[in-house]
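Each structure below appears as structure tokens.
Next come two complexes, and both contain chain A; in the first it sits with chain B, in the second with chain C.
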Partner chain A sequence: MNLRHIRALALKESREILRDRIYLALAFLVPVLMMVVLGHGLVLEVRHVPMAVWNQDKGPLSRDFVDRFRLSEYFDYRGELTGDQAVEQALKRGDVRFVLIVPPHFSERLSRGLTAPVQTLIDGQFTYHARVASGYVQAITARFNQDRIQDWLVRREGLPPQRVQQQLSPVKLEVRYLYNQALKSEWSIAPGLIMLIMLMAPALLTALGVVREKESGSIFNFYASNVRRVDFLIGKLLPYVAISAINLLVLTAMALWVYGAPFKGSASVYAVASLLYIFAAGGIGLLVSVLVRSQAAAALITMLGTMIPGFMFSGLMMPISAMSPEAQREAHLFPAMHDLEVVWGVFLKGQGWDFLWPQVALIGLYAVVVLTLAWVLFHKRVKR
Partner chain B sequence: MQRCHLLAGMSDVAAPSAKMASGQTGAMDSQQSAAMIRLQGVVKRYRKTTALRGVDLTVARGQLFGLIGPDGAGKSSLMHIVAGVLAQDAGEVVVNGVAIRDERSAEAVKAQLGLMPQGLGLNLYPTLSVEENLRFFADLHAIPPEVVSQRIEQLLAMTQMSRFRDRRMQHLSGGMKQKLGLMCTLIHEPQLIILDEPTTGVDPISRQAFWELLNQLVRERALTALVSTAYMDEAARFDTLALMHDGLILEQGPPDSLAAGQAATVLWFSAAARDTLRPCLQDFSAMRLRMEAGQLRAWLPQTQREALVQKLDSPPVRETPPTLEDLFMAAVGAPHDLTFDWAPPPPASAPVEIRADGLVRRFGDFTAVDHVSLQVRAGEIFGLLGANGAGKSTLIRMLTGILLPTAGSGEVAGQPLGKAARQVRQRIGYMSQQFSLYPQLSVLENLRLFGRIYGLRRRQLQQRIEWGLDWTGLVTDKNEAAGRLPLGKRQRLALLAAILHEPEVLFLDEPTSGVDPLGRQQFWGLLHTLVRKEGVALLVTTHAMNEAENCHNLALMRQGRVVASGSPRQLRSTVRSRFGEVYALRVDDTARALATLRQRGWLAFAQGREVHVFVAGDDASLGRLKAQLDEAGCVISAIERVEPTMEEVFVSMIEGTA
Partner chain C sequence: MWWRQLAALWFKELRTLYRDPFLLLAIIWFFTAEIYIAGTGIRLELNKAPMGVVMEESSAPAREWLAAFHRPWFDVQGSVLDMQTGQALLDSGKLMQVVDLPPRLDEALWRGQPVAIQVFMDGSNVTLGSLMASYTQQIHARYNTEQMLEKLHRSAAQPLPVPQVDNRVRLRFNENNEDSWFMSVTELFMVITVLGMLLPAALAVREKERGTIEQLLVTPLDTTQIMLAKIFAVILVILLGVTISLFCVIVPLIGAPLRGDLGLFYASVALYAFSICGVGLFIATLARNLGQVMLLTFMLILPMLLLSGAWTPPEAMPAWERALMAFTPLYHFNIIGNSILFKAATLAELKTHLLALAAIGLVLFSFGAWRFRRQFAV
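Now for the complex of A and B:
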């Protein structure tokens, strides 16, 4: 290793980045933007589903029934509709995704002890949201029915309401969620996004940094000099690692203070693992840049090569254990899975070195392998 | 004191590496070590094409060696192989005594080698300043820190760039970028520098300065330079040159002996003599005819000269020695009759089709076009000359209505600029600098597409295409994918696509850039017939000065302004009356002669080993010149009056008036 070469390369690279406003923006704004956009877009909870009601009854019971939906945080009451056409239009336009239709004589039938049909129209385009919304509807309706029975029993048997309740639901379910007690999806998503972005951004920046020189022809300056390949790669990589380290701090701060995620584990594990992970990501970028010649190809391949493992094979969207055996094997080939374990481990589970050292070691190993591969494939005397 | 120390230090740095290089191949004989580069049977194949088909080449030490050839001849591949940055598929490559066989052996030559790849300033870092660029290259080559600053000072002083040391490379002019590129190549004081098309896209003045600088370096520092160029007219600048075409070296040797080796002469006739000379090809089958500067130019072996002159009624207008371009034509087996119907300049009564009146275009605080006025009549070929970034393309884009002028006015095909753009567009044709056809579509498909874009009816289009394929000689290629045609044919196709709708005004932006001499000749033939037969007004841009002769009128642009204009003949006579005749001097020490002459106020340029100097007045001033050189200790071996080249015309107009 020749420190002068590395220093000269890193200095030149940093100057170029700092003086090129577009590149500078790309380097520092894109990760933050991704965190904001994906952070809000990836939230998996279904809340505030826009809804409307066509209440043809107007009796006291129907108003009670409707109010249970209106007051629920899962639904966003947008108003009263009248007529089939109005309902259809509201759904078609997408103003509401759920309409509750209460038929005439609802209250009257219930008071007489008869059953009363209620229609719910749910926009089925977002299957997941539709399914969850229908679950809410069923839960609210079940609760309404239970209250009706309770009322009836209280009145008929003269028992205290508490007693009736005990009799009606003898099994009490006690659920405690671990690590993310409130099941706030932001808590899981925000650190998960750090894993994703810190894979994509360093890889993309590094790949573009090298291929840019290939496109312009300035790469010949190294080819035609005695600068060693390893020095070139390190000198090229270091500025992007530095940028990514700054981005890591920014994203971590965002996870903690914008998304309110807790940080319960070891900061040193997080720091070491993240840094190694950045090297690994940069290594992926270098590897891509060695293989392609145009910036467009480099950007496309790097995006695909980091987004797919980052999203699909990391455990962010689906637990690894729930994947098919082949997918599980593939997941182990990428550092994303291990980094997600580290990130969630330190943010949510409060883990430290004792538990996470194998993951950190694997990320480190991955970085070494990718960088070595890039070094082996990089030539100063090219074939074409 | 310090300076002496520095110089001593520098030679110390160079010496051990030279020893090392020769030590590595101990078994070399003395003849081999004399050569800086020796190639034998070098072959380079790419996926679809073969760039080099067995090249043999020897470059002696201390030479300014030229590789001349059109785009795609294999120049870059060859230079990259010599620089050890590209692997050859077969053949022996020995550079500075080291046989380059693999990546490891390539490393051994790199300390003594500087490579400046193709593309003006493209290997430099735009956001870094001049000095930062230089320091970066110094670091790359691990130059001892104590000498870096002094070496940078030296280079800056030599190139007269000291004032610009803090300017960012992206804000330099083309000529300055080229100088900086050269400095970065020289910073580690290599023994061999490899410059790939360093003069492409540089204005004539910077070009002149560049060649002088290079000459000086080669002489003073015993440097070997391998330099490529696409311009045949730069041949005279080299000590030795190799003429490349299609992956082979066709000819190789000193420019003089190559030209003389043809044992031929060139006779010039008026364009009207075409009808009498063409039948002569039957008897004089070795003769080659083509058009240049409005005259018919007949190349023929010296032995047949007398016979031809006797056979003709009228004697030739003048006689010149054959050029390298003649050699090229013969070597590639070009058709012997390349004449065409030369379009005479339009009469003064011809309507003005293009008029620019003080056109200005600014981008931010940068003025790309600065008060340009010109006019082009129907039936006129107007040449716009200048370097990359001189403002030619911006001017054309304003005239075609693509870009709005910041100030000034103009008129194209009778319509004022910026108004009725649609009507105007139907009456103008535009062939842009980039190849704007679809490479995957066939010739025919491209033409049909363009015809329909211009709204031609089916039958009319069919007729136009049939006529056009025949006219451009592309009939046999009509089903070939446009992208697979050779460059010369591709440009003819692009021209055809631009004139399918029979425009009255035609704009051509760098149509012959990179095309070989044969392709150029054919292309200009098409332009002349077009102008003559259809009375088209034609505005063409180029940065090849020798093409200027094919135009009726010229304007030279530099940094957004027109610095000289007129017909080639007018420009020549202006230069003559202002600065005198051009004399070519052969002297023992070109650099000293040049310095002496300039000091005494002569307008002089280096042309390879010759010095060209403008001498005004009578023989007395020539005598004075000789005496002054004598006094300075320069030995003149030959002196001869020559025609000024277009490049000299422009350089003298600008430098002489500045």
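Now for the complex of A and C:
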């Protein structure tokens, strides 16, 4: 390594960035914009699921039953439907995500002590939302049934309601969400977005570095010079790492003060892990840049190649442990999953070095491997 | 004549794409392997979520309550000494849910005293937290009903019929709740979107960077032809990719159904590709080099992909966002594509969305063409 060469190259690259005003502005603006839009917009919790009812009964009990769905915070009542055709159409158009169908004689059957069937049709397109909604539908139904049992006792045995309630009261359930009390997306999404944006942005910034010179032909200046490959790559990498480090600070500040996420863990773990992560992400871009021949290919591969693992295979949507072996393998190919553990660990769970050192080490190892790979595959000789 | 020139230009664009082996390989990879891995690999479902219990003394009702938490959703890994240990295990991620069962649950139940079971869940992953909360409440509510029925039967002299509602939940359109259907199709739409935005922008800006655009402009071709040739090339690539993806991966390997009119689906894909290419060309007129293209695309594409109703249904978004997203082509295409494939929607039912898609495409294309002409008109 030759520090003078690296410095000269990094300076040249920085000057190039500084002279492209739009690019420079975008490099700082885009991550912040992402954080604003996605932080507010990416809602993963299931609330206000639109629903409709086809009540063929109209008795007092069916009204009470339907009201429990109408008043639930999870559902959003959109009105009454009549007829199979209307139900089918509403589901097909996606106006509502589920329809509760109460057949005739519902109230009558219940007051006679019989089982009353009802049907819930759920739009299965969004599988996860359908699952959560279905769980709540069953929970509401069960609670209605508990009241029926108490009611039945009061009416049939003639017992005073207080005594029935005393004798037959359901066990309460108190659910507490740790790390994220209100189960609000923002708290966990904002730090999670840092992971996603800091994977994509540095990679996109470095992705064109080498291939741009290949396309324009200015790479021959380097081929003919005494600058070594490793110096060239480091010189290309450093300015973008600097930009990304500034972005990281801004995004962290936003997570804390715009989204109000807590920061309970070790700041030093976060700093070290994030810096290594930036090197790793920049390394991915550089590796692609070294490999491909056109800027178009570099852009496409880097964008899809970091977005998909960053969003889907990082654990942001679902934990890695719930994935198939192939998907887990793909997840391990990227540093995103380890960084997410670090980010959530230090922001939400108050973890420090004792918990997170393996993750930090793996991110570091990843950075070294990617950059070494870029160096090995980068040749000064023109192929063909 | 005009069309022959366009065809010639179109071949030229296709040839540049064809001669870039890395680009071709990447396109094929994203249309096949990536969709397969994402489609089969990621399940948005609880899968043996590790769960611990703080149980000071074991009683029959407590055991019964716990027995309802079984695989494949939950995996009760055993009891923890106290809540402190439980908290530590939650912190380290070894457990996702810890239940604090009160002592003398049986006695309290027998006497009819109010008791509460506390559940502590890891809320850091919202998807998982929502599933755990929903399932736990469902299991708990069922347990309560059963308990009460049992007690009722015990106290009554003869078995009583008790009024109960039997709620039969049925899923429509994806009857078995196959995540792979949802994931693979969503992933396919994602790939189409990235390709459709980035490729035409890259093709156009490359000519700007190299100066070959000047050569094109001195030929008798007009700017519409130049732009259309690029768009048509990308549309062809996308249609081919969709075909490979549908008939080599999504249908045979993942088993998703194609319920609707395939012709309508292809027409919608082409229309969507056209309007998304319009976005790409618009970016190309703003940007001077590919670096700028990439950052601009990044800025537009990530919100579009994550917020346009592909991952979360539109109704889950805040109102301002839904209003904004109605201007993005992907919002409409998500509804159109999913409705045709899974709900067998017809042309008449999707009219408004198709029209919106066409309108957005035309506006973007004309705007792009106008800016393009202004930039280079002598």
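We take it that the second predicted complex is superposed on the first by the 259 of 384 C-alpha atoms of A that agree within 3 Å, B and C clash if a C-alpha of one lies under 4 Å from a C-alpha of the other, contacts with A are read in each partner's own complex, and residues count from 1 in each chain.
Simple rule for what comes next: contacts are C-beta pairs under 8 Å (C-beta built on N, C-alpha and C of every residue); 3 or more make two chains touch, one makes a residue touch a chain.
For clarity, every value in this text was computed on a predicted model and none was experimentally measured.
Applying the stated contact rule after C-alpha superposition, one finds that A:N2 touches chain B and leaves chain C untouched.
Greater residue coverage of chain A by touch, when chain B is weighed against chain C, goes to C.
Once the two complexes are laid over each other on the shared chain, residue contacts for A:K12 go to chain B alone; chain C is not touched. When the two structures are aligned on the shared chain, A:A297 is found in touch with chain C, with no touch to chain B. In the overlay built on the shared chain, the residue A:K349 is in contact with chain C alone; chain B does not reach it.
Of the two partner chains placed by superposition, only chain B is touched by A:K380; chain C is not.
Within the superposed three-chain model, A:S218 lies in touch with chain B and out of touch with chain C [touch as defined at top].
Contacts of A:L42 after superposition: chain C is touched, whereas chain B is not reached. In the superposed pair of complexes, A:D20 makes contact with chain B and with chain C alike.
Of the two partner chains, chain B is the only one that A:V227 touches; chain C does not reach it.
Residue overlap on chain A between its contacts with chain B in one complex and with chain C in the other: 20, 216. Residues 2, 4-5, 7-8, 12, 15-16, 19-20, 216-218, 220-227, 379-384 of chain A touch chain B in their complex. Within the complex, the chain B residues that touch chain A are 46-47, 80, 83-87, 102-103, 106-107, 110-111, 113-115, 117-119, 122-125, 127-128, 132, 136-137, 139-142, 168, 184.
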